[in-house]
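Naming follows writing order (A, B, C, D, E, F, G and H), and every chain is counted from residue 1.
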Amino acid sequence: MRRQIEIVFNGTSRMIPDAWSVDELLSDLELSGAPVAVELNERIVPREHWASRALCEGDRLEVVHFVGGG
Amino acid sequence: MTDKMKLGEREFASRLIVGTGKYRDLETMAEAIEASGAEIVTVAVRRVDLADSSSGSLLSRIDTKRVTLLPNTAGCYTAKDAIRYARLAREAGFSEFVKLEVIGDEKTLFPDNEALLEATRILVKEGFTVLPYTNDDPVVCQKLQDLGAAAVMPLGAPIGSGLGIQNPHNLSIIRELISVPLIVDAGVGTASDAAIAMELGADGVLMNTGIAGAKDPVGMARAMRLAVEAGRAAFLAGRIPRRKYATASTPSEGMLV
Amino acid sequence: MTDKMKLGEREFASRLIVGTGKYRDLETMAEAIEASGAEIVTVAVRRVDLADSSSGSLLSRIDTKRVTLLPNTAGCYTAKDAIRYARLAREAGFSEFVKLEVIGDEKTLFPDNEALLEATRILVKEGFTVLPYTNDDPVVCQKLQDLGAAAVMPLGAPIGSGLGIQNPHNLSIIRELISVPLIVDAGVGTASDAAIAMELGADGVLMNTGIAGAKDPVGMARAMRLAVEAGRAAFLAGRIPRRKYATASTPSEGMLV
Amino acid sequence: MRRQIEIVFNGTSRMIPDAWSVDELLSDLELSGAPVAVELNERIVPREHWASRALCEGDRLEVVHFVGGG
Amino acid sequence: MTDKMKLGEREFASRLIVGTGKYRDLETMAEAIEASGAEIVTVAVRRVDLADSSSGSLLSRIDTKRVTLLPNTAGCYTAKDAIRYARLAREAGFSEFVKLEVIGDEKTLFPDNEALLEATRILVKEGFTVLPYTNDDPVVCQKLQDLGAAAVMPLGAPIGSGLGIQNPHNLSIIRELISVPLIVDAGVGTASDAAIAMELGADGVLMNTGIAGAKDPVGMARAMRLAVEAGRAAFLAGRIPRRKYATASTPSEGMLV
Amino acid sequence: MTDKMKLGEREFASRLIVGTGKYRDLETMAEAIEASGAEIVTVAVRRVDLADSSSGSLLSRIDTKRVTLLPNTAGCYTAKDAIRYARLAREAGFSEFVKLEVIGDEKTLFPDNEALLEATRILVKEGFTVLPYTNDDPVVCQKLQDLGAAAVMPLGAPIGSGLGIQNPHNLSIIRELISVPLIVDAGVGTASDAAIAMELGADGVLMNTGIAGAKDPVGMARAMRLAVEAGRAAFLAGRIPRRKYATASTPSEGMLV
Amino acid sequence: MRRQIEIVFNGTSRMIPDAWSVDELLSDLELSGAPVAVELNERIVPREHWASRALCEGDRLEVVHFVGGG
Amino acid sequence: MRRQIEIVFNGTSRMIPDAWSVDELLSDLELSGAPVAVELNERIVPREHWASRALCEGDRLEVVHFVGGG
């Protein structure tokens, strides 16, 4: 079984399998098809890099979407 | 009718921009947007909440083919934060439009214009169509225009206050000094406020609480649509001059004696 | 939509009443009436001018099947004269409606309320549907109602002045004290003035110079139609309360850190 | 030939044949079908009495119609 | 200074008339009158209350050698009642002055102008110096003048409301149309309201609640005295015209390069 | 009276600051200053004009023992220029006071707040008592306070416009958000404008054109002195609340029946 | 002893000795020197008639003075 | 006779004797006792340095005072 690493997802600590890509995580969270944007350690990860970008221990991931606002 | 509002590279038949916050439910929001006739709606950028199954449903209620999304940077108090939200919004979104807010004070939600100018400068360079929320300061509005903002969006009154246009004189001055579109953003409480803004020469009006907080949001959305059209039509039609005394509308010739 | 204005025995979908004076030509007048959507138009009673071959042509441009004529008694300075014109108007006309004016001062064209009350008393007894032009005096408005006037029509500002609603407080008080329809008559200069009147709870607005004197009367007629609808819709929808400070329209939850 | 009498029509003196009815005068002036109202010596003459009401020397006749007004 | 206000046969250096009602105690009232500099104070006519040992004490606190008493007819709803009170006041009092009030509505305390005109006509014939409380109706003010009123006293806003001058335009018109003194009576809430009234050309201002109801009535009395003097002085000095744009107060010549 | 205005290390009994520009002659200026009661007068720094024999005469007409000079930096469009003028003024002058102006637009003479903040930062460090002319932006006022400005001086309306306080709401907000003295600078056209500023809680008012441009500058100077005192007194005395309806000032008990 | 009569004083019934003058009543009430005005049956009684004007059964007397008012 | 040098005084070219001090120039212009401030080449010259500060060819001197302003 794969080793688990700890990342920070939207401000909350989360354990995920080592070397998961952004895409694998978002798929797991059922977000991969959603109109969201991803920031990894304060840099944006464009959607076309989600599959190739692997997550590491301690990574801070922000996944945002649109909510109501004025 | 060819009287369009042009922002960046896009043209819009409607001059009313509406927000999507504070509605009691998405159903009401969707109906209000429909009734408002708006072709641009503002949205905010926030973390996905995994615990909230309704996540993502906002966009399900907005026809993004017909309507341009205008993400805001509400809640940002520094240029850096505002730029970060703007970039995320572009990534998540459908366009390069951003309603740029850099707040300077939490009680009034007035802008920090120094930071706003800085963020505008950077985002314009990055290709954004920057629509900055500012106050009714003619000098700041000119600087924003010089930096390449696609419009200036001075407030009429504090956000959500419903006080209406507190300083028509400043808006009138801004209208004369700048050539990019002028959109009055914030403070509209009722239909006549929107009409007044348009009669002052504004190209458009942006509002959220005035509609979402009304007793009947859908009814108020319709009122605002009509008011913006009324104010625009009156501006174009050229009002009569003000006189101190009366001037009869009925002729005095032909009276009986 | 069932939101009708009832005057006397008749109901009207439009809450905008327009005059027919001061137009550059009848063509423009007819187009402006059309654009205004008005179902009631005011007319004056004057001697036939045998030398003027255009005599009679006013009615040729108004579809009296669709539109109710509201003859006025403009130019009358005594109750006796106003009554005389009202009777002639009924004889010439199509209905028992009369816009009752008894002028008290030629510079301001303000009403002589003593004479107005006297004329109202008599014309109501003779079966007229009396729509009296008055000023924003709550006591006079109550007396007019008590005498059987079908509505009260306080001025917003002097006739033809275009100054807008000079005393919204009095109109608001009148609205609360009386139960017959309240129509703001005179003083409207631009669309927002009409919207403000309706938001104060008026049942309708009557205007002439504001439209006829605009650079583009037909455009302004359309603006006024929209503004009256906007103001009415806003009044019915229930505006947000006024607050001194801001209240955010975008949630603070879910921000990045 | 009929005797002429003088009346005052809309403030102006006018000679008409003696004993003309209101209707005869208005017909002569091409006003009988128009939407006008008639006042004779400050009393209204309803349209149905136009034919029967004869005009006398010195009668003051007012014939009004609708013009533009506010 | 020779800038006096003349009412009837008397001249007054002070243009502020103050009431004596609603004070927490007579001590405060006396001090407030002193601080106001008023030379005319209003009083009401009421039954002697045998059970109230303080009866009669009002006059013990007013120096009637220095100050002219102006009895009112407050609370009267008919010309007959107002005339009755006026006659009693003259009998009890020291002069022929009367502040004539005929109320038409108890919520607004607006005047019944028909009855007011009737009472004015009769009291003027009986030799009274009639100072009628009315509303801002130019036609009524002209009729009052024609009937021989010694001044006209239109309200700025409802009695005790503190709303300030609701319709400066009407007051300005009245000022131009009449020649007897114009005293703004009722509605003053704070010092600037009094200054505005005087700048519109009023000859004086009458108030009660604005002073008596302030947290510090004596301080407010002084404020009102200063404000009336300020407004009068500004009116006489001739204000600058209003301009849309700026005009420098400092010369541009002589700048460094 | 101990109600003093403290600026920097100095205390002033008068809360009216007056300018010295635009008078028809120095005689009138001197009399107007005297009539205004001002203890602070603004002056400008300009090149000595060798051809003008009247050079130097300004100070001959101002009693600098009684009056504090407040040099301005009028005409400066950059922080650098304003700092240069401030330093020269201190060198020429009698104190470390400076009315700091950095203009951002020549039609409106509105401030360039970015540059103003920069100049304030530097001059405060150099020991100046900085009194910055700004607009009614609560965020800028807070930043000026944080940088050590001795007061904030928002405009009421464009310099010399005489339009009065265009946005009382913003001034009221600024009053609540800042703790340093608040002086309304510019826009005052007549006495009531000054009273309104003081009633909003301003610590003082600064004006030039409103007095110098009046028909009778000395009379207007006196009016302004009285108005500032009136507004201050009213602010301290605590005005009555505003009510929609009337509240009688005369008791209803004891009426005849 | 004098007969008593009933009058209405400021809206309240009151017994007084028969044929008292207005002045006698006001003296009794310590009001004769006060700045008051007197109305008897809706007609004013000037101060100089107080002594001569006798009160009768059923008279309605109003005695007013100045109170605070605006 | 002393050599003349050219300076710029308040924006205007002016010939003065070589090596005059600021104080000498101002005395010559009857300004030495006046409430003026002096800037030489954009640096302020405090009054106490006026006597010791000599003027050179090309110096730009600004002498300012207070005028009416708002």
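Things worth noting here:
Criterion: a residue touches a chain if its C-beta (ideal position, glycine included) is under 8 Å from a C-beta of that chain, and two chains touch if they have at least 3 such contacts.
Since this is a predicted model, take the numbers as computed values, not measurements.
Shared contact partners of chain C and chain G, listed by label: E, F.
Of all the chains, the one whose CA centre sits at the greatest distance from that of chain H is D.
Averaged C-alpha coordinates give centres for chain A and chain D that are 95 Å from one another. Averaged C-alpha coordinates put the centre of chain D at 57 Å from the centre of chain E.
Inter-chain centre distance (chain E to chain F, centres taken as mean C-alpha positions): 32 Å. Residue numbers of chain D whose C-beta contacts span two or more other chains: 11, 39, 62, 64, 67-70. Residue positions 19, 21-22, 44, 46-47, 49, 72, 74, 84, 107-108, 110, 158-160, 163, 169, 173, 208-209, 212, 244-245, 248-251, 254, 256 of chain C are each in touch with at least two other chains. This structure has the following touching chain pairs: A-B, A-C, B-C, B-D, B-E, B-F, C-D, C-E, C-F, E-F, E-G, E-H, F-G, F-H.
Against chain C, the residues of chain D that register as touching in their complex are 10-11, 29, 31, 34-39, 42, 44, 46-47, 62-70. On the side of chain B, the complex with chain D involves touching residues 248-251, 254, 256-257.
Note for the complex: chain C touches chain B at residues 19, 21-22, 44, 46-47, 49, 72, 74-75, 81, 84-85, 107-110, 158-163, 189-192, 194-196, 199, 208-210, 212-220, 222-227, 229-234, 236-256. Taken together, the chain B residues at the contact with chain E in this complex read 169, 172-173, 244-245. Listing the residues of chain C that touch chain D in their complex gives 19-23, 29, 42-50, 55-56, 58-59, 69, 71-72, 74, 84, 87-89, 91-93, 159-160, 207-209, 212.
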